[in-house]
Structure formats: structure tokens, C-alpha cells
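There are two complexes below, and they share chain A, which is joined by chain B in the first and by chain C in the second.
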Partner chain A sequence: MNEMGWTERLRPYISLMFAIIASFTVGAFLLWILGINPLRAYQVLFEAGLGKLGITQTLIKMTPLLMISAGLMIVLSAGIWNLGEDGQFLIGAILVGVAAPIINAYLPKIPALLILGMIGFLGGAAWAIIPAVLRIWYGLNEIITTIMTDYLAIYLTSWLVKGPFRDPSVIPPQTPVIPLVRRIPQIWGGVHIGLIIGVVAVLGVHFLMRNSTIGWKILVVGKSIKTAVHTGIPVARLSMMAFLLSAGFAGLAGANGVLGVKGLFQGDWNPAYGFTAFALVYMARFKGGTVIFLAYFFSFLLLGGQMMSLRLGTPVFFVTILEGLMLIFFVVNEYLFQHVLERRRS
Partner chain B sequence: MEVEAFITVLLSASLRASIPMLLAALGEAYNEKGGILNLGIEGMMLGGAFSGFAVALITGSVFLGFMTGVAVGAISGLIFAYLSVTLKLDQIITGIGFTILMVGLTGFLYRYFYGRNFPTLGVSKKTLAIPFLSKIPVIGPVLFDQHVVVYLTLLLIPLLHWILFHTTFGLNIRAVGETPGAADAAGVNVAQIRYLVAVFAGAMAGLGGAFLSLGNLSLFVPGETQGIGYIAIAMAMLGKWSPYRVFIGAWLFGMVESLAVGLQIIAVPVQPEFILMLPYVGVIVAMVFLARNARLPAKLMLPYERGER
Partner chain C sequence: MKTQLRINQPDLKGEGTGSPSNQEALVQMRGITKRFPGVVANDGIDLDLYPGEIHSLLGENGAGKTTLLNILSGIHQPDEGTISVRNEVVHFKSPHDALEHGIGTVYQHFALVPNLSVAENVILGLNTAWILDLKGAERRIQRTMEKFGLTIDPHLQVQYLSLGQQQRVEIVKVLFRKPKILLLDEPTSVLTPSEVGELFRMVKQLRAEGVGVVFITHKLHEVLELSDRITILRNGQRIGAVTPEELANQTHEEISNHIVQLMFGGVPEEETEGTYAPRVSEEIVLTLEGITILDSQGVAAVRNLSLELRAGEILGIAGVGGSGQKELLEAIAGQLPVAQGNIRLGERLGEIDLTNKGVPFAMKMGIAYITDDRIGEGIITDLSVAENSVIRRIDKRPMSRWMLLRWQAIFDFANSLIGAFDIKVPSPQILAGTLSGGNIQKLLLARELSADPTVLMCNQPTHGLDVKTAQFVWKTLREQASMGAAILLISSDLDELLKLSNRVGVMYNGELLEVLSIEAADRETVGRLMLGERS
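The block that comes next holds the complex of A and B.
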């Protein structure tokens, strides 16, 4: 019995490992068909993330993924499919881009950054209010409404930045550039405090979901709304909280992008972190440590993909293929594992 | 005369613009009625759009392009059915995985083979005017001077409605989505029906995607579908899975899109992004008003396990 518990506990990690191996194998096969040496390609892929530059770049890239993942860990646990991360990210980002010059004119650096972070968070959360209300009080499926708000936000922000929010002093459509001294303080070679916020957020959510009453209540809501109602858990309030928190974290990631990396909001900007974060949170089985590891790994791959494209001319989409394959293989592995275990038991 | 010409152009352009989404939505309506929600539709449309375009470019045959698009869609649908019906995997996760994979695969192959050359298919006359009928004012150019696939789609609508709501086969599909246990007890092969609707939905998404790259645009760009697949899912729900209502919704959607292009052409000083936003607002508003009392099929997204209640 004890032994079974042990394999049960290791199961997600083994599924994950096999999913990574399987997706790389299929990827290698694809490269081989196209006449690219897979070993050479993977060498380039893995070398990119090594060395000081590689590590700092990976850490910078993983920051928004961590923040979005923290939110997803809450909302997916509550059984709510908020797939509108990209839109919530963009709304948070553009509000920060517009507000930054105004707030910077009146406040010193640190309070200004705190307020701007709040603006990003609240902006992202506000963008989710409509899908959240529709889901929680009207029972309208949130998958479609949140995806619709994604596209809405893409066009809305790109309209705003080309029209009303545009900085008239420069030619490309963008918000005013935030001076370097007013950006998020750096720790090490371009890596800034946002990374720490992201890591703390993921770990904080991890412990909140496991060691607090409120986390436990959210899990109950996610498992069975009926049970939650019967035990007197305020389902509507908790669902709303989970929904808005997750959207807020996406907005915070947007603020991080503007204040820590880009220094402005640009027209047609859509980094589309949502599905990547979604895939990694699911594959990490909502475990904080694994989420951090996978966020690092995915950013590492992204960087390697860019290096491959530069050196071998293989499009960066290669990494997207790996990501999709990994998610599918992970679900299949979970199934196989469960079946093999069940068969051995009976 | 001016007004008539404007209306004619708007109606025919919007009908053509709505076809990719309409085809996918018709397939998805069957899918959802049978208890499957396929978020991979978006990816399958991309698969159809890219493969159809590439084959048409290589062979010079648009017909082969369409066939390839349909085949790629159907195969994707088959794989999706295997994962969600046979292996009973989570449909949302699998669907999202599928879409990520297809976004990557189509983008990768396109960029690898065509780089940034942006090849286009030769612009040829794409419409097939039906003699006499196409001469009727307004209705003629709108309904009888269109691409063959548009005719095919228009014919499919009543046929699909009839099959779904007036035949035993359609009843079986709906039973499988609502009470698979009862359907099973009555001798309906639940898995077979679900496989069929999933493959059909994939093929329709592939055809819709192929129409996007072959019929509407004559070119492919990575991420060409721009969320049309998701809108198709919304449209199927909004139309309460009735092909007629889905058709009306899709046409209205196409009208807003065409209006955005039209206003650009006649240089009305409005940002295209502002108009492109409107369809999404429209879908959300429509969902608020219409979908509040629309009940989803009871077993949507749930795999069927024999003997479970």
C-alpha cells in the first residue's frame, strides 16, 4: 500500500519526463524529414540558455510566465477555465504604459512602481469582470467569453495605442518611453525584482492552496460545487475572487512587461503567454516547485528556439510545436499510467 | 443605384467572408450536440488553411488544395476523437494542446518553406455565375455569383438541419450528447457516433480553413485564422446548434468584418482596429442575451463510461 502511494506521488513527474522525451523525439523526426540534423539542432537549442547571458535572458523571459501561472493555479483549482490571460495581460500593460508618465511626474520611484503595479493588477482584474459575472451568476460558459475578451483586448489596445493613447512625439504607435531610472530595479544583468515577485507569487499560491482554509475551500468548489454549497462555502464569492485574482496576476505580468522589460506599450504587441502558462501549470499539476521549473524550462526552450532560427534558419515556431506535443503527450501518459496501475492492481 | 450597389457588394462580400467560420460552426454544432467540445477547431482550421494552400501552390490545383484541407481536418478530428472518446482524455486540455501544436506546425512549415516571400496563388476568377439567376438584381450577385464552396455551404445548411432534427441518425447524435446511457441501452453505438461527429467537425474546420486561404485570400500567413475557430464554437452555441440560426449569426458576423474593410476602402477616418473589435463585442453581448437560457447538451465534455449514472 505504501509502495503504491509512492508511485502515485511520482506519477506526474514520470508522465512529465516521458512527455518531454516524446515531444523531443517527434521534433527530431520532423527536423530529420526536413533534412536538418536533429542532434546539431538540439545542441544549438540547448546551448543558447547556457552562460551568463543565456541564464539572465531565460530568467527575464520566465517572469511573466510565473505571474500568469500563479493566477492560473488559483483559478483552475476552482474549476474555472479562465483562458483570457492574454487580454488581461494587454489591458494591464497598456494602462501602466499610459499611467506611468503621469504618476512618475508626481511620485518618487518606489511608490510610483507600487501604484503602477496595482494599476496593472486591477486593470487585468477589471477586464475579467464581465466573463466572471456571466459565469458565476448566469452560468454562462467562461471558456468562450474569456477567449472573446482576448481578441477584444488585442484590437482595443492596438486601437488605443494608435489613436487616443499614442505618444505624438514619436512616429511608431506607442506610449511614452519610461526612462531607465524609473523602471523596476535590477538585481543581476537585466534580471529585475519582477522575477522575485513571480517566484513569491507562485510559492505563495502553492502554500495558500494547500495550507489555508480559503485554499481548501477553493479546492472544494473546484471539485464539486454541490458539496461546496452543502457545506456552506460561499461558492459565488470564492469563484469571483479566484477569477479576478487570476486576471489580476495576468495584468501584473503586463505591468512587469512595461515597467521591467520594454519600457513602453507598443502597437500590435501580443506576446501570447496565456496558453504556454496554461500548459505548464497543467503539466506541473499545480505544484509550485514544478511550475517554477517548467517556467524556466519553457523560457529556456524559447531562447533556444530563437537561437536555432538565427543559426540554422529553423523558424521559432519549432518550440510551439514542442509545447503542444508535450501537453498532449502529458495527458496521454497520465492515462497510460493510470491504466497500467489499475491493471496491475486487479 | 448607389445604395443598391453598396448593399449588393456588402451582402455578397460578407457572405463570402463568413464562410470559413460558418463551415467550422456547422461542424462544431454537430460535435457539441454529440457531446464533444473541440477547442482544437482553431488549430484544425489552421491545418486546413496551410495544407490546402501549400498543395494548391505546388500542384496548381485549387480543387486538390480543398481536398487536402478537408483530409487534414478529418484526420485531426479522428485523432481528437481517439484522444477524447477512446482514451477519455480531458477535452479542453486536448483541444488546447491541439491548437498549440497546429499553430506551431503550420507556422513552422510555412516559414521554413516560404520564409518571408509571402507567395500567393495566381488571382483567377473565383466565382461561378449561375446563368439567368445571377442576373436578378441584388439577390443574383449575392447568392448566384459566388465561389463553388459558397454554393456547397448554402446547400449543406438545410441538409444538416434536416439530418440533425428530422432523422433517426440525428436523433441518435442528440441522444448521445444528452443521455448516452439511454442511447447505449437503446442500441446506439455511442463511441461510433462521437467518432463520426468529431471527424465531421474536423473535416468542416479543415474545409473552412482551406476556404480562408484559397477562396478568400489566396495566401497563407501564420495564425491566419485569428480566433475564427473559437468564434465558430461560440456561434454554434449562440445558434443553439440549429444550422439556420448558425448561418444567420455567421452572416451578421461577416457583415461587420466586411464593413471594416469597406470603410477602409472608402477612406472613412476610423481606425480599422476599432471596427474589428465590434464582432467580439457582438458575440459577448449576444451570448449575454441569447445564451442565458440556452442549455448546453448535458454530457458536453464528458466521456461516456458504460454503467455510470
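The block that comes next holds the complex of A and C.
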């Protein structure tokens, strides 16, 4: 809602493009050191994502990223760094994995899915209560506590699925498989309604943060707690709300993973979407459209990276390096832009 | 030492700006122009500074004083014009470059690390050695302070110091680097009268040692007391100067008339006392009974304070900064809890208990509070003026409906405030942080008054504002009082308090020592109470 020149408007996009190009250039150099022809590698990377299978797989992969990003857009706007997305994801997922067979036994498909989605959301949110309370009432740094609860969640879910929650009828440690008919309805070639929910969540959050009273007040809290206190905005309540909503979205992504893709919770499962979502929300500067674009792009890279390691033997974490480089270049670009603009002004 | 002795002889001083002189100027700024988006902050300004001279810069808010100072201290780079230091043309890229040329600056807003000690703050950024010699530094700091008659324990953490003491740390920080040129941006605005005296003694001592001082203030009597040369800015241009000769040969009254003429294009209209007839009613609007407020460390900031505030009156609270005034206002506004005692509102509708009910309840009951921390607490700098104007009423129609914001209504509301309070802003969509101090204060005034308060509390309402804006604020407060609002006014400017108030209370160390009628409150009586001496 502020007047800006066109350079100001375009700046985030230009800086994003620069970051992508620069990270690929450095990536090419790294591949060259590994003795892999970078052009060939990138060819494989890009080919993987094109074609019907590539596109549907990318869309499936981006769904949890969208949901987690929606939550991050809220909590980061409130000035709170909830880095516990992975743990909240897992808690949501395992609760859904356990509850699904029970609920499916009593309820028809659609109500069962709605309730399971809710269980995932609430489970994720519940997992964030301790760090949220510690941060809001006791001033403990939430970055540390959420990372700690992440590890707790990883080992807790791993133990639960090998112990009390294990389906005794199969050998690998996992929750009972949800029959295909009781999973999230599909739209196209494996792409399911979760994608639509993710897109709506991101766009909805984007709109509501700027246009609803609650979203706007959360923004005020994030910008200046002092001013919020002074003007009677309930800082603690809104911070709590933002924190739990973001954790809830992570839990919902967990429910999506179980109900839409895997059909069960497997031992030692940890897809670790948190960092990717965090990077892309920052690089998108909280803009819904850009978040969706980047979620697609990052999923596309993830898929291509798997293909690359399969065909060329590159390390599986190569795309994670690319993501990291992108974030670094993005920050550097932002800084340079600021500098150049100030120069030009003065 | 020899040059310094020569410098101190007044007959060697140059005449006016740019005139040839056998004395070398410390600083020559020529044709300095600086543009910011939408404004020309400095428009071809010339400025000379000679050794052993105090050169005052005067001008309204937004006249370009601070910009000019920031250019000389290396924060901003000029678009046009040249700066020479001791006849050498310089291009400062950063405050560090300026410091290398002997230019030390004490800014209006301090840059201290709150949880470091005084000594650590002073040596921060001095990279003289690989090994930190804190003990030695403390000794040298002590020596620097003794030399200028300053007293602060170098071990104390800066966060426990008052604003006046923090400023002393800033000054010591600069003096420690042995500047040849000292820039002071409104140094007296946070000081008590005795601290001001101390500062002036120190500045005069520096002058005697041949340091050139540039001094910015809004207070005319300070300028006249201290200056050897005065430059007056208006709308970014240098519109006049008072030379040492004029200062020596004319009376203070002649000079001040001349300066006011230059600054405002006419002597500001002094309101005659007759135009303002206070109509204090007997109706008690706000009652405080024996309240005690604890600060974040659990120490009593306000002790057993009782007070009654009547409709239509302005009750001024005087006191040295940090005597508990701010905590008092925050408690009434609901921002700070009260440990003991109670706050009650009104007689008219039966009494309403306000004690520890929170900000939203106090707002609903008609309490408005204009904070002294305008930028940090009053506004959100990177939200628009429009959004800042509705921050207290965002849940109300027509600003929002069904929990959705209605931008048109918000802009209309902001535009009506901008018009009514003459806030200088091209559009309500501009970020509030880009406004000048005076316009931010008008915005806050507009926002708080738009709720039609029964009790209006102001902390330092004209601090750092130019005379015109200050007069606007005074007029507005008087209007509010005459319309029946009860006003609680805190100010470190004693003249302001005595001019506006119907009664004056004095706080000292968390206690309300006495409440005087305006007839009984003269400067000496109030001043003595401020220092804790009961009559």
C-alpha cells in the first residue's frame, strides 16, 4: 500500500533472477570440479521436470511446500522465527497415520478426510505450544527451542512408529496403510486436491495479511512490538496465534503427505521441507504469487536433482547446495541493490 | 600549542564567510546541495568554521540543519558542492573518513550498545591494538572526563544510565578521539538545566583549546549564550548569518529579533494572555490514589502518588528526566501495571476503575496518550501514514468491516487528519518514517485527538519541534482543554509547562513532591523542587 517507483517494484524479481542465475553458475563450477559436464548435468536436470510425469511429480512435491510456506508467511510477518516446521510436520503426519484407520471405520470419506486434516493441523499446532509459550511469556529464543523440538519430534515419531503405533500385520515399522479409495481425491495423474488447498492457503494468507484486521495487526506486531503495546494491540495473543497457525499449516502438510501421497507413516520418515520453505518465503518476500512460483521451481529442482544423481552420479544433496547458494546470492543482491540505489540517490 | 594560542585571539578572526583572513578556516563548505526524493534538503549552502569558534546553526524543523551536519560528518554525500578541511578538499564516504579528519559528532539519536559498559562503548571501534586493554582504556577515559569535569563511572552498563548521562558517554566517546572539529546536533534537548550548564562549560573549554564547534539547537537563549557566529537556514537555504562583530556590538534583543525575522519572516505572534481563558471546572475526571509502579528491574519508579485531574485543566508535571513521569503516564494508559493503589475515571457516570485494565480499555474510556518516543513507540516507520493514522481504530467501522480493511475509508480518514492538522505529506500512502519530526508529532496529535479524549496525556509534546509547530501544538492543547478535556502534560521545557499549565506538579525520584497553582509556580520554586529541595 505504498507508492514505489518501478525500480523498487521490480527489484525483488530482478534480484531473484540474478540469484538463480548466479547459483547455477557456481553450481556448474562445482560439477566441473567433480568431473561432471555441467551442461550435460543441467540438461538432465531440466529434462526431468518436463513432460507429463515431470510436471505431475513437481506439482505433488510442491504441495507440502505451499502449505508450510503459508504458515511461514504468517509467523515471519509477526517477527517470530518458527524453524520447527519439520517436527510439526511429523507430529501432524503420525497422528493422521494412526487416526486414519479408526476414523475411516466410522465415517464416510469426505467427513473423515476433513477431520483427519484437522487432526494434522491441530497436532502440528500442539507441538508448537511449548516453544510458543516459552517465547511469548518467558522471552526464550524460539529459534533454539523450535530446532530442539524438531529433534524431539524426529526421534519421538521414529520410536512411536516402531513401538506403540506400529501396524503389527506387516514387517517394516509403519502405520496401517490407508486404502487408495480413502485418500485425498485426485485431479490429474496423481495430483490431488491438496495442491489446490496449498495454493488457496498461500494466496489467502497473502491477501489476509494485508487486508484483514487480524493479519494487519500481526504485521504491526512484527514491525514494532513497542508501537503495538502503545496502541493497544494484543501482542501476546496475536503472536501465539501466528505461531500456532504456522505450526498448524506444517501439521496440515504432514496430513497431506500421509493422506495424499504415501498412505501411511513410515519409520524414520523426515522429508525436511522446512528449510526449503523458509528459503523460498524469504526469497519471495512474502508475496503469494512468487511463493507459488518458487515452490514449483524448487520442487522441479528436487526432482531433477534425483534424476541427476540417478543418471550421472551427482551427490543427492547437490540441489540443496543450489538452494543454499540461491539464498546467499539473494541476500547479497538485496544488499547491493540497496547500496546502488542509495548511491544513485546521493 | 602555538597555533592554538594564536587562534584564540579574537582580532584574528575572519569577517563573515569567505572573506580573506590571515587565519586558516578549519572547514569550508561551498555550495552544498543535497536532494532527497521530493525535497531539496540543502540548496547551495556555504558554511565556514574557524578554530576556537562556536558556530550555531539555526532554523525551523526541516530547514536542513541536520542534513548539513550529516554531510559534514560523512553520513550523507553532497550532490553538489565541496568541503575542505584545513584547505584540503575532502570527500567523505563514511563517518569514519570524517573522524580521520578530526571531525567528531554527537548525534541527536545515540548509538550506544546498551549492555556494554561506558568504557567499552567509548573504545568501541578504536582499533589501536590486538589485545583489549580495558583497564588502560578506563584510566584514559577517566582522565578525559576529569579534564572536562564530567563524572560517570566507566564500569556502568549504558542501559542503566539516564538520557543525559548517555549523552555524556557519547560526548566522551567523541572527545576520546581528540577531535579538532566537534558537531553537536541538538545536544541540550535531553538535558536538565544543570546538565546544560555542564555541557556549555565543556564546550567553552574545547573552544579555548582551539576546537571548532558546530552547534544545532532550537533554543535561542542557548545560541546567544554560546555562539561566536550564527548561520540561519530556511527551506534548505542559507538565508543569513550573524557575525562575531554583530554579536559583540548588538544587544541580545536586537540579535534575537533579527534572527526570528530571518527564520520566520516576521516575529512570531505572541499569544496575549487574554485570548486564552482557562475554564477549569470542578468536575474531577481522573483520580490516582496512592499508586506505586515498578520498573522492569522491580525498583519503584513511582511511589505512593496521588493526584486529581479536573476537566478543562492542564496539569503540568515538571521533573528531571527519569523521575517517574513516563511510567506514570504509561500506567494511566494501561501499558504498565500498577503494583499498588488505584486509578479511577470520572464522577459523571459513576466511577470507573481503570487500574490494570489494559490499553484497549483505557482507550475505550477516553484516555489518549501522546508518547515522547514518537518514532519508536508512536508510529511504525515502514507503514504508510494512512495505516498509522488508523492504528488505534482499525477494528472500528468504517476502517474495517467483517474483519476486512477498507482502504478507501482508511485513506479518507487519513486525508481528513492531514487536512485538519496541516500535516506536510504528498499522499497518505507515503511511509510514516519519511516524515519530519514535526509532521510525525502532528500525525500523533491528530490520531490521538480523533478519538475525542476525556483525558489527554502528552510527554514532551514539543521536544525537537520548530517554533511554528510547537505553537500549533500549544494552541491545540489549549483548545482541547477549553473544550473540556483534562490534560496531563509532561515536559522538560519549564517555560512550556509554566506557559500552558493551570497547575504544576513536580516529581522527584518517583514522588510527586508538590502541586502548585500557576500563580505560585515560578521558575525558581519549581526548579528547586525538581532538584528535590522541599520548600
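Brief remarks follow.
We take it that the second predicted complex is superposed on the first by the 342 of 346 C-alpha atoms of A that agree within 3 Å, B and C clash if a C-alpha of one lies under 4 Å from a C-alpha of the other, contacts with A are read in each partner's own complex, and residues count from 1 in each chain.
As a working rule, a residue touches a chain if its C-beta (ideal position, glycine included) is under 8 Å from a C-beta of that chain, and two chains touch if they have at least 3 such contacts.
In this text, all values refer to a predicted model and were calculated from it rather than measured experimentally.
Three-chain overlay on chain A, with chain B and chain C in a clash. Within the superposed three-chain model, A:M148 lies in touch with chain B and out of touch with chain C [touch as defined at top]. By the touch criterion defined above, A:V331 lies against chain B but remains apart from chain C after alignment on the C-alpha atoms of chain A.
Once the two complexes are overlaid on the shared chain, A:T314 sits against chain B while remaining clear of chain C. Look at A:G232: by the touch rule set out above, it reaches chain C but stays clear of chain B.
Counted by residues of chain A touched, the larger count belongs to B, out of chain B and chain C. Shared-chain residue A:N211: touches chain C; no touch with chain B. Using the contact criterion defined above for the overlaid structures, shared-chain residue A:K223 touches chain C, although it does not reach chain B. In the superposition on chain A, A:W159 makes contact with chain B only, while chain C stays out of contact range.
Overlaying the two complexes on chain A leaves one chain B stretch of 5-13, 41-49, 77-85 or 185-193 clashing with chain C, which is 185-193. Comparing the two interfaces of chain A, the one with chain B and the one with chain C have no residue in common.
Contact residues of chain B toward chain A in the complex are 37, 39, 83, 87-90, 92-94, 96-105, 107-108, 110-112, 222, 226-227, 230-231, 233-234, 237, 271, 273-274, 276-277, 280-281, 283-284, 287-288, 291-292, 296.
Chain contact summary for the complex, chain A toward chain B: residues 34, 81, 83, 130, 134, 138-141, 143-145, 147-152, 155-156, 158-159, 162-163, 275, 278-279, 282, 313-315, 317-325, 327-328, 331-332, 335. Those residues of chain A whose C-beta lies close enough to touch chain C in the complex are 1-3, 210-214, 216-217, 219-220, 223-224, 226-227, 229-234, 345-346. Taken together, the chain C residues at the contact with chain A in this complex read 34, 36-37, 76-77, 79, 333-335, 358-360, 362-363, 369, 371, 373, 376-384, 386-387, 391-392, 394-395, 400, 403-405, 407, 427, 429-431.
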